[in-house]
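The block underneath contains the structure these notes are about, expressed in structure tokens.
Should a chain be cited, it is by its letter among A, B and C, assigned in written order, with residues numbered from 1 in that chain.
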Amino acid sequence: MNPLKIVDKFILKVEEFILSYAIIIIALMVVGKALSRALFTYTPPFADEVSQIAIVVATFMGISYAARKGRHISMSAFYDLAPFKVRKILAIFIPLVTAIVLFVLTYFSALYVYDVYESGRVTSALQMPSYYLYIFIPIGFLLGGIQFLRNMWINIKHRDEVYLGTDAKDYNDQEKEEIHEGTHL
Amino acid sequence: ACGGNGDGGDNASGGEGQTYNWKFVTEEVDGQVQYEYAEEFAKRMNEKSDGAVNIEVYEFGGLGSETDQVEQLQSGTVEMAVMSPGFTGNMVKEGQIFALHFLFPDSVEKTQQILNDSEALNTDLREKYEEHSISPLSFWTEGAMQWTSSKEITEPADFENFKMRTQTSPLILESYKAYGAEPTPMSWSELYTALDRGTVEGQENPIFFIGDASFHEVQDYMTLSNHNNYVAMTTVNTDWYEGLNDEMKTMVDETTQEMQEWVFEEQKKQNEEYLQTIKEDTENPTEIVELTDEQRQMFKGKAMPVRDYYRNEVSTVDGQILDKLQEEIEAAGE
Amino acid sequence: MVATLLTIMVVLLLLNFPMMIPLMAAPLIVLFIYFPNLDPMILMQQFSTGIEPYVLLAVPLFIFAADIMTTGKTSNRLLDFIGSFIGHIRGGYAVTTAAACTLFGAISGSTQATVVAIGKPMRERLLKIGYKDPTAMALIINSSDVALLVPPSIGMIIYGLVSGTSVGDLFIAGIIPGIIVFLSFSIYSIIYAKVADIPLANKVSWSERWRLTRKALLPLGFPIIIIGGIYTGLFSPTEAAGMSVLYAFVLEVLIYRSIHIKELPKIARSTGLVTSAVFVLVAGGQAFTWVISFARIPQMITETVLGTEPSAIFVLLMVTVFFFIGCMFVDPIVVILVLTPIFYPAAMDAGIDPIHLGVVITFQAALGSATPPFGVDIFTASAVFNKPYLEVIKGTPPYIIMMVVISFLLIFFEELSLLLI
């Protein structure tokens, strides 16, 4: 396998792992907190904070995964009506601009993380440096930007198909068959 | 459609006839103490400067969380802010001093006097904030904090296994554990319903806030504990403030000083009015519990060891500011 | 500034950009153009602030519970049970969906959580018996609105704080409007089912119903745990979402053994994917809100519109229009926080009852969460059901029309809000 593919596969695995366990951790924290309070009148003070960290992590680390699967929400009304050629052009242009925007956001959010780092602020329950939480925002934007570039590239490389993401073809070109129905795979 | 609002509050050189547009953000909404304070402040500055100073007051909501607003002041996005030390306690640790129970006198008036005069706060603590580009120009109380509860609380034993909604900071958790309570962190938006259903049994706030948020509707008792004060600070961005010309700086300082008396009366009025509202709400009766001196001493006794926790675990200067403040409070004579 | 903001957003939207781009880029561009002295970093903090509210955690949790239930057996057993009682009635499934959304929304307080928890299983059944997807999704999205209207309502708690109005009274005032919405949707559903000739199931015998009821006994623990747990104060609505995950886990993994524990991360991953797609938009919406609040855009517009000494009806109409438009773009809770203080003084001067005003405002907030282009329920449905945006909103016009008509009723007849108080 070529090394880029190995890197890609590795990043995919990491993203999948983070997404899965972020959700599982939220469930554990919320359930644990409720049960502990109801049964032992003890509320673990870190529970809310851990859930909130997990939701920030899931949200931003999910950007590139959702881009790969073509699952970002968009208003496709006019796009769906457009002929193949126009869709093909848009499928190259949109990921490119999206990637640029995400890189700009990466830059500013990295500056923000640095600012929080310098302030020495800690979180209120865990007393953990606050920037640990925010660092996932630039990482998420960066990986998202890279993935959108890949979405652009696959549309350039494969001339006769439109891709919504590297792992998802345009539903407009798939005759009536139910495409990747449901959220579970 | 509407441009021209983009000067970002700076006052580029212009000499005579220059105008100033500043932004003043608060942690409360229209009608509440902080917001009314900022409006009055803006009005006075405008009058004194013959219309040259225009201060836009922002209420809580549109600009994000309290912590966000702190960062906005630090970065100079807004020039002025009312902030409570509680929301900066994770950065300026010494500011958590106001969370200590039974530190200030029972009398809110005496407390305000100490806040005005204290060197520990107005010099030493201010320096700590200025390391983070925040200059607190004054400290003032929004009223004493009270307990509301679903069962009567008159002595520490009543707190045994009691689910008390608190903020998450370790010092506050420690303060309630000292009474034997079970501090229960819970988000503000869930609190009304949680009190109603008994998910948590009590909470703490100044009276005006309790009344405004309708918490008395879902609680049976309110203990006038005055266990600490909800302290707010009038703050400015340090670099911006240092860069003001002498005339403006003096005007800001003077107005800040004048406002101390004004805001004391304002919080007093609001707290008294809401106390009346709560008493008169016969549909949702709330018993008002007053503590005897003896009961107050019992709570204070339990709360004392928490000061050591503050000295050892919170303070970055081994409690120097607390020690100095304690001396000042004693000198003021309770 | 407003023109720049709207142009950027609309153009990017129509071009089929991922919606997070207009929501995140437009505020950034406005900052560059109109506030060049400001540090754009300030928008970055808003991204995390937007998704940090604790109550939002109910959304991924209900998605997770629903994913576990639909992968396993729980959801089918529950639906078979319900179907055996209402399957032979005209519009039965649709009315049941509306009722379930109303009840669940009332209790959970979250429109998004309702879309997920009730919508996910009910939609599949509606499709199976012959409803078109846009119709089914529109019914689910709009019925879920009621969450904001019926107690406990976060919208009302926020309005109560901002205006100093009794939250208890507001809760009671929301009941009649909530019932009116449910009845309108039900009548519409029955008429629709007749006109569209949705096939009816055969009437099920009582012995068959008994058999299905027994099969559904354990799954029926769900509503009992959620409703009972919240009402007795055992847990908060957000925690109830967590408990439903636990319950789904116990049923599917431990009792029915229809899911192996090793499959859970995979299910959680798909939950995470949907959560991310929705929450990046919530994050972007917060940055958008920050810019318009900072630039004082709501104040600028409303001051010109209201003029001096407006009549009560005029104020209420303007409240309706502004909250409706505001909620199309921004999270309803934020709209309540930002716009209420602007309208409240004028409303009081015009002699409007603060409770009546609260109901009118909360109603618009509810409606707004299901209104294109940025209604948060629409994102949620699009992500959870994995359906293109247009298909999600295609069926909504009849519901929006009904809601608008009810809005007018609420404006002109304050008794609808004040009767029970």
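Just so we're on the same page, a residue touches a chain if its C-beta (ideal position, glycine included) is under 8 Å from a C-beta of that chain, and two chains touch if they have at least 3 such contacts.
Going by UniProt, the chains are A = TRAP-T type transporter subunit DctQ; C = TRAP-T type transporter subunit DctM.
This structure is a prediction, so every number in the text was calculated from the model and none was measured.
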Testing understanding: with touching defined as stated, what is the shape of the graph linking the protein chains, line, ring, star, complete or other?
complete
Quick check: more C-beta contact pairs at B-C or at A-B?
B-C
When centres are defined as mean Cα positions, the distance from chain A to chain C in whole Å is 23
Taking each chain's mean CA coordinate, chain B and chain C are separated, in whole Å, by 35
Taking each chain's centre as the mean of its CA atoms, chain A sits from chain B at a distance in Å of 38
For chain B, what residues touch not just one other chain but two or more?
67, 71, 75, 187, 199
Return the residues of chain A touching two or more other chains; collapse runs of consecutive numbers into ranges.
37, 48, 115
Interface hub residues of chain C, defined as touching at least two other chains:
41, 45, 52, 54, 234-236, 238
Complex interface listing, chain C residues touching chain A:
13-21, 24-25, 28, 40-41, 43-45, 47-48, 51-52, 54, 56-57, 60-61, 63-64, 67, 70-71, 234-236, 238-239, 241-243, 245-246, 264-281, 283, 372-373, 379, 382-384, 386, 388-390
Contacting residues of chain B [partner chain A, same complex]:
67, 71, 74-75, 89-91, 132, 161, 163, 167-170, 173, 182-185, 187, 199
Where on chain A does chain C make contact in their complex?
16-17, 19-24, 26-27, 30-31, 33-34, 37-38, 48, 51-52, 55-56, 58-63, 65-67, 69, 71-80, 90, 94, 97-98, 101, 104-105, 108-109, 111-112, 115, 133-134, 137, 171, 180-185
Within the complex, which stretch of chain A touches chain B?
37, 41-43, 45, 47-49, 115, 119-125, 127, 130
Once bound in the complex, which stretches of chain C touch chain B?
1-3, 33-39, 41-42, 45-46, 49, 52-55, 109, 152, 154, 157-158, 160-162, 164-168, 230-238, 286, 289-290, 292-297, 300, 334, 337-338, 341, 344
